[in-house]
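Chain lettering (A, B, C and D) follows the sequence in which the chains are written, and residue indices restart at 1 in each chain.
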């Protein structure tokens, strides 16, 4: 009888909330959905603050053990990959410790609370010599990958514009209470760090390096039940790329009616592509000169669900859409393939240098808001 | 100095309400918008029931004279083209009289209140030897004409399906009062005559002759303030075409939220086209195998506003949309060009035979509702 | 330490292809995604034709054993629930055998190859006294359930129209080769059984019982590489409901560019709802009279992803969409909850009587195509 | 017999190209479409460069006389209203001369080639004491006016964001030849003056005065067949309003596939509104808390075509859309009503102060591109 032998990899995780659930689902699902998987995840240990909650999470997701101290998870010799889905102020220390203990690391975005912290994480982890990945999951939306492949193949010509906005509305109502995401010490920034980091990462992934930004940030409600708000509710920026392309970057948590509206558009000298995350299985594509039907030009609504579209060899017949949670299956599959092959996650995965660079751009937008000046982007190297 | 000489044509009109306004606007507008016009409309005489209203309409639209008796308009020697926008039970007698007096005729749809009346009109007018046109204005939407041209060129391959529905909602509320459109003696039929005739005409224009229909009609509210309702509120039908294509035809005046939703879709062996009148400047076009971007297949949203799109050489730069009223400019321009050239209005304009044939199909749907049987379509010839 | 105790249920499955994958994914995923699950699926045994394929499927999805004989799976005393995802001609015997062995049963749609077979399955299984469910998964799309809840609450008033079409295009190209789905002996019917059963089930779930149908079917390509096609490629029907509502039902496998386009619309006396499966996280809702913004009426694009929307308490924050595969998580969760509670799956789940009734309507459409007459629907009882 | 007496107003026009056609159509059409018109336009005189073209335009549109010298038109004692649709460098002198001759004036946008010129025009014309209007026609789109009315009524709460972009693509192809619009001396600016002035005017009309901008401009193709390009192809800006709202302003002539895509969105503390000019009859409206259907929240697609929507009392039944050209009918109707009443055109019409203020904001974006700094906006008064 035929049996595929797949090597296992021990996974330790920090965090059992939103991101913990998304990542745990991906480890379990990729094991049979992307078949055969590059490595078979073995859920070894999960850690988190609340003893009761972490115990239940362990049972729910099938972790073999659990702890209220991430150091135990990091130290566990069965753990080969450490997955950090904790709050932003829990990114640096556990991730660095894990890498220094020789574990590969996956860390949620934003990598650090600012560029300095992100750089420190990148540096320590890179020096430790492990594989590292920053969880910019929108790179693993099939439509986004397809766009990248079309851009790389030159199908849009020379790129002139990129405009992106990530709009949410959960802070629209002033009665919405305070939480750690509104605290600079815990979160680093507001919409700029949380939504802006995604927008900047997509700008870099699709168009290239920003040369400068000009922008501003706003806090519309500065006190909420439970605390003062010292991060931004929204940011607005103009971006100039090294390539000469120009555009805008925006993010807001007070855009009424926009629940998770990450939208971007690229205009090139031969075509354009547009995307909206609330219809994440679709890509709007305009390419000039297509035959037949020379007079019937216009944006095509491409339902990115074909077997020859990125990632979709793993899924369903055409037209049967996938969900947001499934992007993490692709993301962690990509990471495990890199670990199995002993190579970095780039260019399609975001390594920690990408996590650091996104933070540099976000910091520059913040600086520009204060200085009122165009802020050039300069990246540090190791 | 250069001056174009354009021959004038005297126009007499019956009706000053909705359709009177639409047609009068078209005569005035085509005189400078489609330049040089094939003939220059001279608005000679308008007739209608109310003396005060017809006098004001004459002043408003610039008719030289007016009357409460259509016979005066028909008899006026200055009138060369008689335009009948009166209610359905005023289509036969004035139109036939005008033709027999040697006037060219344009008559609103439905041509008659049933196939027998439509046939009688067609027969009399054809024997009189004048140019005749039935005002199926949706044929003159640029997107519809473009679709027809693509179909004629074979760009969609062999046609397999046509599905069309024309949904309105002005009778949704049972409190909406009675009017002549709900009276069989005046209107002939309800949704089936008013909306169904458009749907059937588009089916014939785009796909070809129906071979049979099966269907049903419904009157949901049979009494309204002011009278009994003895016409249908809605109809539903399956259609089989001579070509082998099959599909559905529907119309309703009780489709809540659908204000003027005339939608159709054609599926062929090589592509598909879809249209919605509420976005009448757009055509959804799917054609297989287009290059470049082989993986980026999908329906294109074609904004039908290019200089090389039908009728748009008369209008604005690309992307500047036209309105519903403008379709009448194209329609009457087409009629005047036919008159100037001394030829029939087909195949792009609907002659009275087309008006009669639409009525045959509508009658067959009505018969099928009563008989519970598939009703074959047979057309009479002159 | 807190540990939830969840009773396990042994699952045996027939089929490892498209539906096997969809169901296996659901069993594994609901175990942690719908927490705590009503019963914890234990994947005991899987059966299928190819020894090698079934062995790999067992390893991939985590079944404890596998067999090329479904009788072994049925006979396995650890199996408490038998899940039949085999081809249509493998629905009757295994499902009946499992029920008679006292196993609860889940069977893919269509339940039988025609109404007679579906009735026989229903009757045998009901007499066996087990819980039974027919896998009409579109009932478990959050947007569909929300629509049903709005309809039940009377938010749309009296229902007047239902129109639905399920369009695919995988047979558009005559070069597409023959497969079992094109063989009457194996499949029972073509688009009518495969797509039509979904359309009919949604009609019944949302609007109520059909009283009669009139329709036709078509086979556009009657021979393909590998065999003769003796099932329909497409069907078209008019439907009249017991309630007085009327509408259309359509399905096609040759609608170019429509990959998995299940679309339906309901019009009531106070509002309308529309749905498209390719954007299955959205519902278009028109309800009259909403305040504020009395003048801003129109269809709302409801992104059905809120915590208080059906099923979404299990998933992600608002705006983060789910996929087609996730509907099976809801479906099987519903079934397990019914089994745990010892109750039937209706009204939200489709029991085998629903599977049988869908077949009666599909058969009536087929009969109407042959007879050319309106065919009344009569249901048998046990 | 009843006859309405409407006072006539003599109109003189400069320019017979794109804008001349749009304005001439409006004068002729409003005379019967907005009935009774506030004043009855009498087309007295048209002037333009080419003797042959202006003669033909006079015949086509029905002007009584024509000239190659605008001074003749201005001096004509029959002319009471001077309508300037000439190129940008023909705005100042003729408009000022007409006002000083006591004629009311309508001038196309941008008012001047820069803020200084626009200020000079405003000042001279205001001192002359005539009625003046700058032709920002998008204010007269029914959907835009409806949005303004909702904003004024406070239906969206406190405004936090405004983002607008006006994208065209006619310069995408480097082979597109040079024209006067690419010459700074003739046009003043490129996308910034042509498209940016519209975007800024809408920002001011809908949200209020900008306090500062930061931005950049780009010329992607600096030489074209026929000349050097010394204006921008595109601009990008961040805007901060006096009210505290923030957002982005963009314009481009190189956005492939975007033919005339003027799009904007407003987010307030209680709702949001979005608009796209290519679907100019629609408004996307999100307002929280609407009943019934509390769970069915989302953006509504409002088809702005109801009798109680702005301007639509003049047009067709609901659902029958109007075109881009029809916005000029509303615009000139508004102007004639102001002249008839002897009042300024504000707040709904743009007076020359609005034309000047738009130029100040555009100039500030241009300055910011050069300075790399946030540029505050300061307006001069008379």
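Some points to look at:
Quick note on the criterion: a residue touches a chain if its C-beta (ideal position, glycine included) is under 8 Å from a C-beta of that chain, and two chains touch if they have at least 3 such contacts.
Computed from a predicted structure; not experimentally measured.
Within the contact network of the assembly, the step distance from subunit A to subunit D comes to 1. Centroid analysis (C-alpha atoms only) places B farthest from subunit A. Counting C-beta pairs in contact, the pair that comes out ahead of the other among A-C and C-D is A-C. Distance between subunit A and subunit C, defined via averaged C-alpha coordinates, is recorded as 35 Å.
Taking the mean of the C-alpha atoms as each chain's centre, subunit B and subunit C sit 41 Å apart.
With each centre defined as the average position of its C-alpha atoms, the distance from subunit C to subunit D rounds to 54 Å.
Taken residue by residue, subunit B touches two or more other chains at 258, 271, 297-299, 303, whereas all remaining positions touch fewer. Within the complex, the subunit D residues that touch subunit B are 1-4, 18, 22, 24-25, 28-29, 32-33, 35-36, 51-52, 55-56, 59-62, 168, 170, 258-261, 277-281, 303, 305, 315-326.
Taken in their complex, subunit A has these residues touching subunit D: 156, 160-161, 163, 165, 167, 172-174, 214-216, 218, 220, 234, 236-240, 244, 246-248, 250, 252, 254-258, 267-272, 286, 288, 297-299, 368, 372-374.
By the touch criterion stated above, subunit B contacts subunit A in their complex at residues 146, 150, 155, 271, 283, 285, 287, 289-293, 295-303, 306, 308-309.
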